[in-house]
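Listed below are the structures to be examined.
Look at the two complexes coming up: chain A is in both, with chain B in one and chain C in the other.
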Partner chain A sequence: MNRYRFVLLRPLQLVPVLIGISLVSFLLIHALPGDPVRTLVGMRAPPDVVERIRAYYGLDQPVIVQYFYFLRSLAEGELGRSVVYRMPVSDLLASRAGPTLFLLVYATLLGIVLTIALSVTAARNRGRWPDQTIRAFSTIGLGFPSFWIGLMLILVFSVRLGLFPVSGAGQGFVDRLHHLFLPAFTIALALSAVLTRTLRASLIEQMDADHVTAARSRGVGDKDVFWRHVVPNSLIPTINLLGVNLGWLISGTVVVETVFSVPGLGFLMTSSIFARDYMTVQAITLVFALATVLITFLVDVVTVALDPRVRM
Partner chain B sequence: MSALLSVSDLCIDVTGSDGPMRAVSDVSFDLAEGEVMGLVGESGSGKTLTCRSVLRLLPRKVAITGGRIELAGHRVTEMTERQLATVRGPVGAMIFQNPTAHLNPVMTIGNQIAEPVRIHEGASRAEARARARDLLVQVGIPDPDSRLDQYPHEFSGGMRQRAMIAAALACRPRLLIADEPTTALDVTVQAQILRLLLDLRDSLGLAIILVTHDLAVVSQTCEKVAVMYAGRIVESGPKPAVLGRPCHPYTEGLVASQPGGGVPGTLLKAIPGQPPGLSDRPPGCAFAPRCPIARSSCESAVPPLESAGPAHRTACPHWSELGAAA
Partner chain C sequence: MRAGAPRRRWPPALKAGLAITLAWVALALLADVIAPFPPNDHNMQAILHPPGRPHWLGTDNFGRDVLSRILHGARVDLLMGVVGVLIPFVIGVTLGAVAGYFGGIVDAILMRILDVVLAFPWLVLLMAIIVVLGPGLKSFFIALALVGWVSYARLVRAQVLVIRSADYVAAGRSLGYSTGRILWRHVLPNAIAPAIVFAMSDVVLVILAGSAISYLGFGVQPPTAEWGLMISEGQSFIFTAWWMTTFPGIALVLLALGFSLLADGLAEYLGVRE
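For the complex of A and B:
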């Protein structure tokens, strides 16, 4: 059981990572050109109003002081105020996190199902047409940007066929599944294009592995050999790749939410960048970074559970 | 006594980039219940392909193209994959050279041993586990209760080989094929594993095909020997006859090149040259280019096996000149 001790130790190791993340996100946004107060009040506002608003948001302080304000309020769970929405950033994020979280889980599950179905079909038909078709799919899938795939899906399934809504996130579980299907499917396609190559290759490698021959030598039939010996050993490298790609997946939601007008964090991120809404962008960056760290951690837990040889 | 295993005129082809090549030709041998046969020969002579084909466990692109194999009344060469799965385990089983690669790294040892019991005998989880525990005791693994739940990487090399033997024996087979079971192990462990195999033969009446490079191992363990060269059996017979009075120049060369048998301080006599590769096997006797007593007639046609004594067969027509030449 002490193989799982890292579950307790890992959060401690994350403190420096989190400080690094906060510093980088803070500095990045301040390196951008443009004045958030001017964006807020317009070019013709009198100078004293501008200064008052600047002082109200703490934007008249030196950058380093602003960073410490930022850290202190972070420690208090306070993410600052959005200059655009005129509300606490934490409330703003809370109202937008739901669709994004739903989309991420939805896309990941769809992606996993798609990956397993495609890889198993390809590996069991090695060299024949299903395999070749699936390999072509994953090569082509890697080449197309997800915003283009998203737009095509909208064009065909929403505009032409009217099967899915063009935008929004829906209310309630079933409605949400329906609304978010195309965005989730767009992400799942990209994800499975990457993962299918690895999983197919590991499945094929494992089908010829010595321990599989040994299992067959004891009379374990094809089906049992495949699901009990080949698949568990093949999943290990794929899970690691999934971990790497989930980080990328989070940033992928920014594009996909924008294309599909999903009112989530990714969409909020793009609009806040254009509006120079420092506090909001910073907070979303933090949340995304945190989510990436958390997912990496979860993947480690799954890896340890799947592979008894691994120690963290 | 009718044979447990009977292999006749077995031919195996390997498909390379330029078509099929014959890897094993016209191999025939019989094995009785409880008998131990050594299968020896240089690397690449076809020992692994021959013994794997007994359970039809050939790799991709390797296929049996001729001959018949009959194991305990089952016509192995004519069975479907589904039928073969019922023979593998309860009738014949196999252990391999490299126990590390041949055990599933993410499955507990106990589950790997119990799996065939559940499949072939429909045993419950608890029954199969109890059998696995007994087997661990039988193959000499101490502390079986905690060992059952460990993974292969927690075992030493020798213990892994014992665990693989336990898994192979789980459904009480009558034939065990052991392809170089000790080559990957330490010398001291090698002796223990061979001892274990012989004990199991005695207690279970197991017939064993033992593939090895080591004639010393053959002389300690086997009742009969088959010597392979370039895909053919060139000599076979009772161990004392084959090793004591070899009737093929290749066997004679192997015996002379073994350490230990000779006088201390004398040089070992290696056989000069290399065996031919799959693509350049000569039309006649494949050993002729390296043979001290070869003559031009040896190179024209493959010599058939002929009798050189009771149950003793050789593929050298000039065998009567041996001994005198050495």
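For the complex of A and C:
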């Protein structure tokens, strides 16, 4: 298949996934405990009012018809109302998306820097103690509970050393970098444990590859060989793994935002569960799923655009 | 993934992983005998007692012994990991084998469901389901059964797709073996290795998810001793009693390390490449 057709066909493959996501979200709302109308008007409202409201929201219709109502309101960007914040859920989510996006990008960048530093050190000292230490880190790091690592970082860097604030997201770019450093570092640590294994392995594989030997025999210096031939060719599997792990990264953000009280979507989700603000919880679930699918799609398209060998 | 000939010798990672895991199982089983104090006994004379005699890992804000609670917590966290992987493993392997072997419409539907489940961030979907079911360990297991099987189904299906056209399967058919016998006794045993290796690393993911959900307040409920819950209870005292959060976390890392090594070692032993 040529790659222009791929770019055109790939969005079509998204359609069943998007339908599935909307169906799961609808079922999650539909299966919620309690009667939504009673939640809205209270237990003492007269029965005819309850019936009128039920009919107004289409809740007296068959489930399948309700699903189409749900789809229509989704298309209009209507996600329901938050019973806690007394505002449309869509507005609430928009006001909280900033810190989450910032944290995700920050954590990913820190994670990449950490991964490259660790993998390069390990690959260049293959079999010696720096390599052994880094490999041990990547095995132990897979089992790091992010919420605990976050608390340990607070214990050392905030309580003992007083270097970073314990909570919040900060105002302005520099302040935000400072406030979100520990949360981002917590996620980056776990991320680099996952990615370092892959990058170290592919660096070592590339160091023995024919094109590297060829470059050496042409008299290219060691440094140039490593940074211009070995590293760029090793990055593709790592970038793919990063794309695959996007959902995992978002899950980590939910937990870490809660540990550090970062006013983003993840913290909103956990606090809304406690407040029984179900519409908000399900809307965030939906938004996270849509974001995951769309970003994965974009990564796919970019990979194909960059690497003509990938033709799926 | 590629399955090769199994090697005879046990890799060091497998031995180390097995040793750590079995040590935790022993500690959990013997918790009643070796824990110096009952896990839920309040002691108003020893509130926030720092680590030392007779509370080697200190006490919490109710004077409960942290070491004893960690030992008893091992039962809950091990149970979470084992049950939380076993149910999805059985469901996923069965569905994956059937879909891969028969193909057609069943396979197509299964793959679409798989795509949808994988589209959701894992922990977020688990939490959204637990919201519907109400907090607790049982909800956690049900949510995992609904969500966790997809990875196993995908792994086994991919193997079965290759194996179903193998010569020995054709031989079985020509001998008149029933489809069930071919599938369960000949195809599945050769297709299951990657799923078993993944199950070991999945234990790590499930224990981390379960403790995170308990830490957030939607999993195991107080006063049960569970490591994630203990960490969350210690968070309010992080300025005065560091041991309340530090030690349960170390326990989590050590248990997870055991299963990570087990996964690495088993992958090497069974010749499975991820």
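One rule holds in what follows: the second predicted complex is superposed on the first by the 254 of 312 C-alpha atoms of A that agree within 3 Å, B and C clash if a C-alpha of one lies under 4 Å from a C-alpha of the other, contacts with A are read in each partner's own complex, and residues count from 1 in each chain.
Going forward, contacts are C-beta pairs under 8 Å (C-beta built on N, C-alpha and C of every residue); 3 or more make two chains touch, one makes a residue touch a chain.
Please read all numbers here as calculations on a predicted model, not as lab measurements.
**Q** Here chain A is shared; do chain B and chain C fit on it together or clash?
**A** fit
**Q** Would you check which partner chain A:G34 touches, where first means chain B only, second means chain C only, and both and neither mean what they say?
**A** It touches nothing on chain B or chain C.
**Q** Looking at A:P145 after the superposition, I want to know if it touches chain B, chain C, both of them or none. Which is it: first, second, both, neither?
**A** Only chain C; A:P145 stays clear of chain B.
**Q** Who does A:R218 touch here: chain B (first), chain C (second), both, or neither?
**A** After superposing on A, A:R218 lies in contact with chain B but is clear of chain C.
**Q** Using the superposition described at the top, determine whether chain B or chain C touches more residues of chain A.
**A** The partner with more contacted residues on chain A is C.
**Q** Of the two partner chains, chain B (first) and chain C (second), which one does A:D208 touch, if any: first, second, both, or neither?
**A** Only chain B; A:D208 stays clear of chain C.
**Q** Considering only the touch criterion stated at the top, classify A:P11 as touching first (chain B), second (chain C), both, or neither.
**A** Touch status of A:P11: no partner.
**Q** In whole Å, how close do chain B and chain C get at the C-alpha level once superposed?
**A** 17
**Q** Do chain B and chain C touch any of the same residues on chain A, and if so, which?
**A** Overlap of chain B and chain C footprints on chain A: empty.
**Q** If we count contacts the way the header does, which residues on chain A are in touch with chain B in the complex?
**A** 208-211, 213-222, 224, 228-229, 232-233, 236, 306-309
**Q** For the complex, which residues does chain B have touching chain A?
**A** 55, 57, 59-60, 81-82, 85-90, 93-94, 96, 98, 101-107, 112, 115-116, 119-120, 151, 153, 164, 167-168, 170-171
**Q** Under the stated contact criterion, what part of chain C meets chain A in this complex?
**A** Residue list for chain C touching chain A: 112-113, 115-116, 118-125, 127-129, 131-132, 134, 201, 204, 208, 211-212, 215-218, 228, 231-232, 234-235, 238-239, 242, 245-246, 248-249, 252-253, 255-257, 259-261, 264.
**Q** Enumerate the contact residues on chain A facing chain C in the complex.
**A** That would be residues 16-17, 20-21, 23-24, 28, 31-33, 139-140, 142-149, 151-152, 154-155, 159, 246-248, 250-252, 254-255, 258, 269-270, 273-274, 278, 281-282, 284-285, 288-289, 292-293 of chain A.
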